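Think of it as A, B, C and D in the order they're written, each chain with its own count starting at 1.
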Amino acid sequence: MSLDKFKEECAIFAVHNHTEAANLTYLGLYAQQHRGQESSGIVSSDGVRHYAEIGLGRVSEIFNEDKISRLKGLSAIGHNRYSTQGETQIRNAQPFAIEYSHGPLALAHNGNLINASAVREKLEREGSIFRSTNDSEIVIHLIAKSREPRLKDRVIEALSQVEGAYSMTIMSQDELIIARDPNGFRPLSMGRLGVAYIFASETCAFDLIDAKFVREVEPGEVVVVNDEGLTSYFPFEKAPKKHCVFEFIYFARPDSLIFGSGVHHVRKAFGKRLAKELPVEADCVIPVPDSGVVAAQGYAEEAGIPFETGIIRNHYVGRTFIEPLQSIRHFGVKIKHNPIRELIEGKRVVLVDDSIVRGTTSRKLVKMVRDAGAKEVHMRISSPPTTHSCFYGIDTPARAELIAATYSVEDIKGFLGVESLAYLSMEGMMGALNESPDFCVACFDGCYPIPVPVAEGQMELLEKSLADANAPDDGKQTVIIK
Amino acid sequence: MSLDKFKEECAIFAVHNHTEAANLTYLGLYAQQHRGQESSGIVSSDGVRHYAEIGLGRVSEIFNEDKISRLKGLSAIGHNRYSTQGETQIRNAQPFAIEYSHGPLALAHNGNLINASAVREKLEREGSIFRSTNDSEIVIHLIAKSREPRLKDRVIEALSQVEGAYSMTIMSQDELIIARDPNGFRPLSMGRLGVAYIFASETCAFDLIDAKFVREVEPGEVVVVNDEGLTSYFPFEKAPKKHCVFEFIYFARPDSLIFGSGVHHVRKAFGKRLAKELPVEADCVIPVPDSGVVAAQGYAEEAGIPFETGIIRNHYVGRTFIEPLQSIRHFGVKIKHNPIRELIEGKRVVLVDDSIVRGTTSRKLVKMVRDAGAKEVHMRISSPPTTHSCFYGIDTPARAELIAATYSVEDIKGFLGVESLAYLSMEGMMGALNESPDFCVACFDGCYPIPVPVAEGQMELLEKSLADANAPDDGKQTVIIK
Amino acid sequence: MSLDKFKEECAIFAVHNHTEAANLTYLGLYAQQHRGQESSGIVSSDGVRHYAEIGLGRVSEIFNEDKISRLKGLSAIGHNRYSTQGETQIRNAQPFAIEYSHGPLALAHNGNLINASAVREKLEREGSIFRSTNDSEIVIHLIAKSREPRLKDRVIEALSQVEGAYSMTIMSQDELIIARDPNGFRPLSMGRLGVAYIFASETCAFDLIDAKFVREVEPGEVVVVNDEGLTSYFPFEKAPKKHCVFEFIYFARPDSLIFGSGVHHVRKAFGKRLAKELPVEADCVIPVPDSGVVAAQGYAEEAGIPFETGIIRNHYVGRTFIEPLQSIRHFGVKIKHNPIRELIEGKRVVLVDDSIVRGTTSRKLVKMVRDAGAKEVHMRISSPPTTHSCFYGIDTPARAELIAATYSVEDIKGFLGVESLAYLSMEGMMGALNESPDFCVACFDGCYPIPVPVAEGQMELLEKSLADANAPDDGKQTVIIK
Amino acid sequence: MSLDKFKEECAIFAVHNHTEAANLTYLGLYAQQHRGQESSGIVSSDGVRHYAEIGLGRVSEIFNEDKISRLKGLSAIGHNRYSTQGETQIRNAQPFAIEYSHGPLALAHNGNLINASAVREKLEREGSIFRSTNDSEIVIHLIAKSREPRLKDRVIEALSQVEGAYSMTIMSQDELIIARDPNGFRPLSMGRLGVAYIFASETCAFDLIDAKFVREVEPGEVVVVNDEGLTSYFPFEKAPKKHCVFEFIYFARPDSLIFGSGVHHVRKAFGKRLAKELPVEADCVIPVPDSGVVAAQGYAEEAGIPFETGIIRNHYVGRTFIEPLQSIRHFGVKIKHNPIRELIEGKRVVLVDDSIVRGTTSRKLVKMVRDAGAKEVHMRISSPPTTHSCFYGIDTPARAELIAATYSVEDIKGFLGVESLAYLSMEGMMGALNESPDFCVACFDGCYPIPVPVAEGQMELLEKSLADANAPDDGKQTVIIK
């Protein structure tokens, strides 16, 4: 998937009992920059006070030695955030840092709460005020409203009231609490660095700071770290594991270990399956960089077709870009991508990407490759058609905007203008995952592990827009929505 | 009073129903910059959404055309803030902008709430979370917790629970509510600009934007402005007027009209009274600029001694200043002040300032004037000795740090190193105010109009520090503290 | 003169042999901020290398501890610059720092060279390239082109080729050279701080850093300071002293000592003369702050009419200001000035300013005072009518824009809308200067001490524009221009 | 070559006669960001005036819509610059923009002049002053000193006096002149976009803006573009082509076409040759990203060993990075690189990079790969040992710091700690270049096409440092230095 069409909401990091807590958090966030580039923040604790530095932009732009030195104390939590345009406001940036009856409290959250609106309405009716439009803020209110004397129990009481996906770090004056939702939608790992405990969304953060990977935080687990050490609780009703398969397909860094497997390994297996399922006569396999690289390697290896980095990616893109008035063909994709004509001209190209969302970017890429002289373009997608929106932490557009929700593969092939188009089958994907039932694949089949409440009328609106689009019935079981 | 020893907390401004609401607010804050230079903010409303721009620094540094243009809508409220060092944090900057059950709400407050700690503790016990360390935030919580269906009644219910000084603007989607505490500690005026209603701490804000001064908002008055016009309420128990006399002595701009009088007029009358009470043989009257200028003019006029601007003030001071390692005499005062030797050398100088807080700056100024060749220095202060801290919105230091709380005038004279020292008498000050009982003079006599809750032990600490200092009993009636 | 209508080009500062050379220069520039607020720069020398920090804005905004610490060495020179809008470019900011055959060289210049265009053309014809549009750059080229083996002689050779006004500091690796033009147009003083030599445009810079004033650098003097001490040279043909009288009228700080007199003293004497020459029945004397304050004090003292600070000045103005779309009366002057109605209403006001340039600002100020209720407004100007442009370092507009070049005093009175208007007479001004012939008064009488080369046609253009304006002949001897 | 050890000095871009000249230049510089990331600048011409915007940092950080809109006119030239630390000063940033006898002139230069010091000394002796320490500035002086009436002839006269490498754009009010040195060291291409002429260091700049590649600017060619069209001159003595082979090995983007060949194609051919020359039994071929990727693909393809992206590169690195106090193993390389353990553990790894400079980074990378579990590490370098410094525009360190200048391959193998180390042979490299004699390979064999003047003593210093290092004689013909 090219051009950041899908966006992971965020990365979290936490450290307890290290003399360089803030600096390690800074590095841990930097290593996880790919999970969120719009804002970053660190809150540290010296046992009495909290110190916060939060800003818009990338980790390396926001923090400097001066700011790191102001983040005193042996504990810290951090957060990278992605947000859709127009919402990149500092008031939504995390960690949230507040004061309540038990002193300072900070919270960072990766994931999405399904019942956030309902809980927020209830809280507002009871007189709560909200600073942000961010769902994570409700958890802080719920903690503050709990009468439990111990932080751990307040957190458990709060989390018992929310549904959805959360990998979360909560820091008080002297305690660190780490929690992961019972389905384990989002990744979360535990490591150690000397006597310090480290937590991160992805293990690549451990690698940078030389921390040792210990294990994943379990789905439904609440970990309490304080000066007496680490204690683990499983206070919630057990639920089936539902790891986000999209982490393997696109989000996680290939060098990370999540959900018990190496990301690179699984992603490459997707590519190999794709080659087995849907072979094609071709001269070269070219990935859409960087999203399609690993799957394309698997495809090429399995198919015995040469792998070529036939599209170059420019990594120097800033946040804004000034487009000239005069129209430039494919300007949007060209800002990041440029084809190597000598590798493409006169060739039958297998173009590999991880997914197709709206289809517009893929269409431009195909056109660009064809303009570079490709004789044939065979698009191969290392995941099944994305037919449903995610409600657990992936920033997919509304269903009506997903091209595969409305159009058949044949239609999409026509839209993209390729000689052939093939997606990895659901069976192929599951096979690469060793037929494990532990994954959420709702974006492909609409079977949402936790029912998603939809406002009255909204569902009809969706159905209508789908109908308007004359979407052929894909025969799949549809969303369970109450 | 030189060198910003005392600091007024803030300025507020509000406008309803004007196509350039944000721009007028920007100008209104600029005109009131002297009341707070550490942070400024504007929140506007377009009838549905709120838009906020808040930053650290001065009005002219924070806002630009781009930001003003983002502040859409016909209503806006604004705030300038001063804060003691280390607390200049963006999270404490106002207006506060939140979301609650009735939509967006914004609040800006000038003053200080006496029972803030108690109310905050109660709110926190009930589960409220706080973003800032600012007392004003509790009012928002109280409004949000009210079950009253109308905003006006929620505000009244909230304000019924707080004690102290407040001039306040509150803005919802479509209403503006303006409230002033029953004692009327801080100034607050109402104006009109065409059909628009304007509110500001000081009338100098009206002058800049050509708004017409209508009247002061009355102590205890709650004004509601919406599309149906302006309605006035007096929901609180009537209380004696207790206007802050320090606004006349130091804070307000001389061209403002507050508490029914022109600031310049009253300030000059203080100087004249001072000259009558405490004449001295001298060659010239020199003010400490800018704080002592108007009183010095009154003194000179009354005494028939030439007024000379014998000390020049440099207005280009930025927020930080790099001091050289090598000690420079009087560096602290010299950064702002420089004497004109030819006016001072060999002269008997009456040096006029508005007040003395700790005495250290005055001492340096006296030394500077003496180094410039003054034969005699007679210090004259246009207010009585500042013996008590303010709890209603003036940032005075703890009582133990007030030189006049601990030392006699004779002792202070010795400390400053002057030939004579005289303060305006309480009687003189009251005379200049036409013997009006409508003023709070607690900083001079310790008679606090609203009893100030002091934490256990704190009072003893104060008494002890005063005793340690061997302060001679000043025979005044002391603080009523419960 | 209000609202920065006239602008002094700059301030210079230099220090030799002090461990805190850069920090002292920073303070010296800060004390002289009034002489130029658009850019500032410091170049220091550690005996081998030069270090430069130059930026746009005010001293306190440009420099911080980090930058000061990078300015190594025991010698430094600094410069504040004013420039007309559109020209505030970093490439024109001084000091100029270059490399040439003898190593690094830095130069800072206050003044204006009359023959800059001619010399520049000659240099360009010979192949010189220019980085700036600033006349000072030619002096560097002339120094670099000199074959003299000693820096002092190269500087003298260079300065021999230029005409006009210059107070200048030049720094090599290990020498400091200070030069002042033979007429001594601009001020320049020498001080000492321990063993270090200090030079500054105005003595107020010495006061801030505790340096001792030694003497003025003489007109035509070239001072060389190096490790062997200070040597003085008078290499140029002697010329009559022609100090800029406008320094006394407007530019210099009142606490400075220039041209052998205290600025405050002379400025006040102008006001006294004005009162004597042109008495008027009035209730109060009100200055246009800050430019008219000292003269107004003199006027009031002499006339026995009360001095009142009836117009308040807002010092918080930033570099840009966002004007609302809706027109605000007198917006331009209101941003800085606000009248105190209670001092003005029903009064006969003597409004004192130092000068009138185009007249438009004065007209707005008069209107503002009248709107505040003045019964009569009598404008008094503490200098003669400004009829000619300055070519020696004061940024006056072209002659055709000077209202007094085209209109009679009676006409100007009508334009301003005042009951009476009076300027200080040339005789009165000279009297206040003790009839000294040592002053340049070309802006009042057009007798330019150094003939000003005017491009063909330009003079005619001027005469035409004057004629078009039907300016009544003022009977004065006109400009000698070749 | 990893971690930016070698640095290309810069990229240039120029456009004539396009309504969006500045915007196209901005995009052209962005596409060439890899050639210089420390500063960027654009100068445009509207036929009369020049407009300049130059800043430190990356293209996307420096320019915004506001700045682009200020760059008026139909012509523009731009420049990206790399510079060694401590020298990243704005005064060295290009394009240089000056005024001289013929009006405004701007110049941007990619390359390095061999005789810059000598010419500069001569110019300084004649009185020229220099603003920068940049060699390119001398060309401007030489142009300004020429008596030729036409710009083209002045440029030719200037360039006749310099030796070394230059691809250069020069812009006057209405003309654009493009020049390339007779040896053609650095790349330079010509393109068209509608009627506009475009010039760029690399053709990837054409691709982004849809410009059509026309041809390379020839070595020794001077191209003049003005309103009459394009004229070509060959004023210099013909010289053998000496294209920089390092552009193919490392610098140029793989999607660019330079020196008549596609970069990707040649770079891959180097990898294939390397595999043929130096086969090894291994399990996978892993590139050092991004420098070794293409060669590794060639190696893998030829050797029939699987290509694996076993090291992940983090592209979010900012300009500074805060290292924690506690030492982190391989921190320097880890900031950019992280190995994928599952791909490396237990494997015999062929690690491919483009070159080795000092060897310290390679040593850390090898250690990192070994720590990730590699059973064997076989280092393969896709160029011969770098034994000599470049003087034609590549920022190589002094010869004594080049590990291959002092140590044998066997020694380096020991230093890196690898099972085997092999460089591409000179013959292999030439073979991949089709035995073309048109390349400068001085960094590998010390045969400098243009003799490099070395200051007295410096050569001995080098020889001594080499001798001290006990460098075994590599038997190669050494540098011809006079």
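Keep in mind that, in the parts below, contacts are C-beta pairs under 8 Å (C-beta built on N, C-alpha and C of every residue); 3 or more make two chains touch, one makes a residue touch a chain.
Predicted model, so just to flag it, every value in this text is computed and none were measured.
Colleague: Would you mind checking the shortest number of contact hops between chain B and chain D?
Modeller: The least step count works out to 2.
Colleague: How big is the gap, in whole Å, between where the Cα atoms of chain C centre and where those of chain D centre?
Modeller: Each chain reduced to its C-alpha mean, chain C and chain D end up 50 Å apart.
Colleague: How many angstrom lie between the CA centroids of chain B and chain C, rounded to a whole number?
Modeller: 37
Colleague: Roughly how far is chain A from chain C, centre to centre by C-alpha average, rounded to an integer in Å?
Modeller: 62
Colleague: If every chain is a node and every touching pair an edge, decide which shape results: line, ring, star, complete or other.
Modeller: ring
Colleague: List the residues on chain B that touch chain A in their complex, please.
Modeller: Residues 97-101, 105, 121, 124-131, 133, 140-141, 144-146 of chain B touch chain A in their complex.
Colleague: In their complex, what parts of chain A are in touch with chain D?
Modeller: Those residues of chain A that touch chain D are 19-20, 23-24, 26-27, 30-31, 33-34, 37, 58-61, 63-65, 68, 204, 207-210, 253-255, 262, 264-265, 293-294, 297, 301, 306-309, 312, 314-322, 324-326, 328-329, 334-335, 338-343.
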